[in-house]
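Down below are the structures I want you to see.
The same subunit A turns up in both complexes below, where it pairs with subunit B and then with subunit C.
For the complex of A and B:
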């Protein structure tokens, strides 16, 4: 197995899940209604748990302990796409991000369930069930608010247009795309993106929202190479604040 | 002055007061309730779990999943608007509620399935008993009496038209086939009291 290629793949997925999980957890206690607060917080916990499981695979490949990887790196050492690090904004943005990101995640893990890298395939078979609910949740909200009234529709539309170039950054290709494909580990970012466009288009068509022409959008790349917006480092500082007080503490 | 908190998320909100100025409006805006039923294992009957507030039944199902099945094994989930659940009186003492149900005077020609739930133990949740074909709630109660009454008393009946219930699809049941090791979700796993005790003992030494 091509270890550098697998590590690259695991890092970007794990970092996506950790950063978005942390971002979404910022809604805990502030959600629009109690039921949604619980659901969104629970999904954020799922994402953090998924990142932990992926970091554990990395640890088994010789990387540091999951906590060390999660809490002691600086922004330029993270491989998450920039979409995941953007501030939570208002709920319309957080919902749109959740919708765009989780559709891509579900496709990714559905594909990885058949990966020839067996530890990842086993993990993906578990994770895809969790994300399936996340996608059901996102679809239900987008259908609801995407058809509700002028305010909800225009808010979602604005957030969609703002988020889409970042969402295309999910699919920024790495140095190992060909190796991953030829070794049957992962079918590649292009394959995920094509399926993603199809699935989100189907959902958006059921609402009053409009998808812009993808060919006119400029994807926001860089995240996979450690280039981030000004929002990531403050997030990391906040996330690791307690850990850094005493890295040896047992929780 | 905006409120400054040890929780940076609270400080970021830029609030000047923690009072909800619009408490009255919040009551008016409260969503209707839906009754939630969960099935813990494939071979176990559905049981009443509790309620969720939601704007419609699809949102209710989505909320119910995290509200009632995020911590335990689950293999089925269903919701129905509270207004669509017909309940009988609750019987007194050891009286079987079925003894109070009479045959309806007229019989309908158009029938549809009704789902029947029993309260078998006071203070517990109602449990699914089975379904009957009927044209009205009165007929459904009578059909349920014929089908399900036995020597164990039932204290309260819930009846719901099957068409008023929304289930998680069979093909979506893998939403519960999830990562196993989730102890980090449970406060218990952090053993906080043990740690506080150990810390205090060390301080007093």
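For the complex of A and C:
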């Protein structure tokens, strides 16, 4: 197996999960209604748990312990796409990000369930069932609020237009695309993106929202290479604050 | 002293899900393998219900504790995704225990969970199917929240996954 290629894939996936998980957790206590507070908190718990399992696979490939990987790196060592690190903003933005990201993620894990790298395939078979609930949740609210009233529709439309270039950054290709494909580990970012465009288009068509022409959008790349917005480092500082006080503490 | 797998499994009946204390790990279906090695060492294989389930560490130490109480000194508990848990793995006894606890058991499914199986869940209080999904997320990762139009109670379901 091509270990550098697998590590590259695992890092970006785990970092996406950890960072978006952390962002989702910022809704705890602040959700617009109690059910949404619980939903974003639950999705945070799922995603952070999934990131830990992915970091564990990296650990088995020789990388440091999951906590060390999660809490001791700086922004330029993170490989999450920039979409995941953006502040939660208002609920409409968090909902749109959740919708765009989780559709991509479900497709990714569905594909990885057939990976020839068996430890990842096993984990993917498990995770895809969990992410399905995240996607169901996003679809329900996009349909509801995307057809509700002028304010909800215009808020979602603005957030959609703002988030889409970042969402295309999910599919920024890495140096190992060909190796991952030829070894049957992962079908590649393009394959995920094509399916993603199809699925989100189907959902958006059921609402009063309009999807811009993808060919006119400039994807926001860089996250996979450690180039981030000014929002990531403060997030990492906050997330690792307690850990850094005493990295050897037992919990 | 040597033990049989059946003995170990029987003793593990005492280990309950910390979040649903009426359900044993056996009935929950998270014990995926028990082996007794020649040197008397016991190996227990487990898998979590949800990847991010915080209860797994408690379950792991409870397994060791209960087996130690029965004199099994050397126990290795391995948590892995070799066998991936799904809600069909909850036993019939476990499903009944959930119901008695006031939690709707997850409907059996063909491993493809669609939204429609979350609608019209049987109310564990009055048995009505005239119910509605309020939210697929609840007080723990494995529960969703529903409302019964007949007995007017809000109830939780162990999610099909």
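Rule of thumb we're sticking to: the second predicted complex is superposed on the first by the 251 of 251 C-alpha atoms of A that agree within 3 Å, B and C clash if a C-alpha of one lies under 4 Å from a C-alpha of the other, contacts with A are read in each partner's own complex, and residues count from 1 in each chain.
We take it that a residue touches a chain if its C-beta (ideal position, glycine included) is under 8 Å from a C-beta of that chain, and two chains touch if they have at least 3 such contacts.
On a predicted model such as this, the values are computed, not experimentally measured, just so you know.
Novice: Quick check on the subunit A-based superposition: subunit B and subunit C, clash or fit?
Specialist: Overlaying the two complexes on subunit A (C-alpha atoms) leaves subunit C and subunit B clashing.
Novice: For A:127, using the defined touch cut-off, is the partner it touches subunit B, subunit C, both, or neither? Pick first, second, both or neither.
Specialist: In the superposition, A:127 touches subunit B and subunit C alike.
Novice: Could you look at A:110 and tell me whether it touches subunit B, subunit C, both or neither (first, second, both, neither)?
Specialist: Neither partner.
Novice: Just subunit B (first), just subunit C (second), both, or neither: which does A:30 touch?
Specialist: In the superposition, A:30 touches subunit B alone.
Novice: Once the structures are superposed on A, label A:238 by its partner contacts, choosing first (subunit B), second (subunit C), both or neither.
Specialist: Touch partner of A:238: subunit B, not subunit C.
Novice: Regarding the shared-chain residue A:161, is it in contact with subunit B (first), subunit C (second), both, or neither?
Specialist: neither
Novice: Looking at subunit A, which partner touches more of its residues: subunit C or subunit B?
Specialist: Of subunit B and subunit C, B contacts more residues of subunit A.
Novice: For A:67, is the partner it touches subunit B (first), subunit C (second), both, or none of the two (neither)?
Specialist: neither
Novice: If we overlay the two complexes on their shared chain A, which of subunit B and subunit C does A:183 touch? Say first, second, both or neither.
Specialist: A:183 contacts neither subunit B nor subunit C.
Novice: Examine A:47 and indicate which partner it touches, taking first as subunit B and second as subunit C; both and neither are also allowed.
Specialist: In the superposed model, A:47 contacts subunit C only, not subunit B.
Novice: Where along subunit B is the clash with subunit C: 55-63, 91-99 or 145-153?
Specialist: Comparing the options 55-63, 91-99 or 145-153, the clashing one for subunit B against subunit C is 55-63.
Novice: Starting from the residues of subunit A touching subunit B, keep only those that also touch subunit C in the other complex, and list them.
Specialist: The overlap between the subunit B and subunit C interfaces on subunit A comprises residues 35, 38-39, 42-43, 45-46, 48-50, 52-53, 125-127, 129-130, 132-133, 136-137, 140.
Novice: What residues on subunit A touch subunit C, complex-wise?
Specialist: Those in contact with subunit C are residues 35, 38-39, 41-43, 45-50, 52-53, 119, 122-123, 125-127, 129-130, 132-133, 136-137, 140.
Novice: Where on subunit C does subunit A make contact in their complex?
Specialist: Touch list, subunit C to subunit A: 50-54, 80-82, 84-86, 113, 115, 134-139, 141, 145, 159, 161.
Novice: Under the stated contact criterion, what part of subunit A meets subunit B in this complex?
Specialist: 26, 29-30, 33-36, 38-39, 42-43, 45-46, 48-50, 52-53, 125-130, 132-133, 136-137, 140-141, 143-144, 238, 251
Novice: Under the touch definition given earlier, write down the residues of subunit B that touch subunit A in their complex.
Specialist: Subunit B residues touching subunit A: 8-9, 13, 31, 52-56, 58-59, 61-63, 65-67, 70, 172, 174-182, 184-185, 190.
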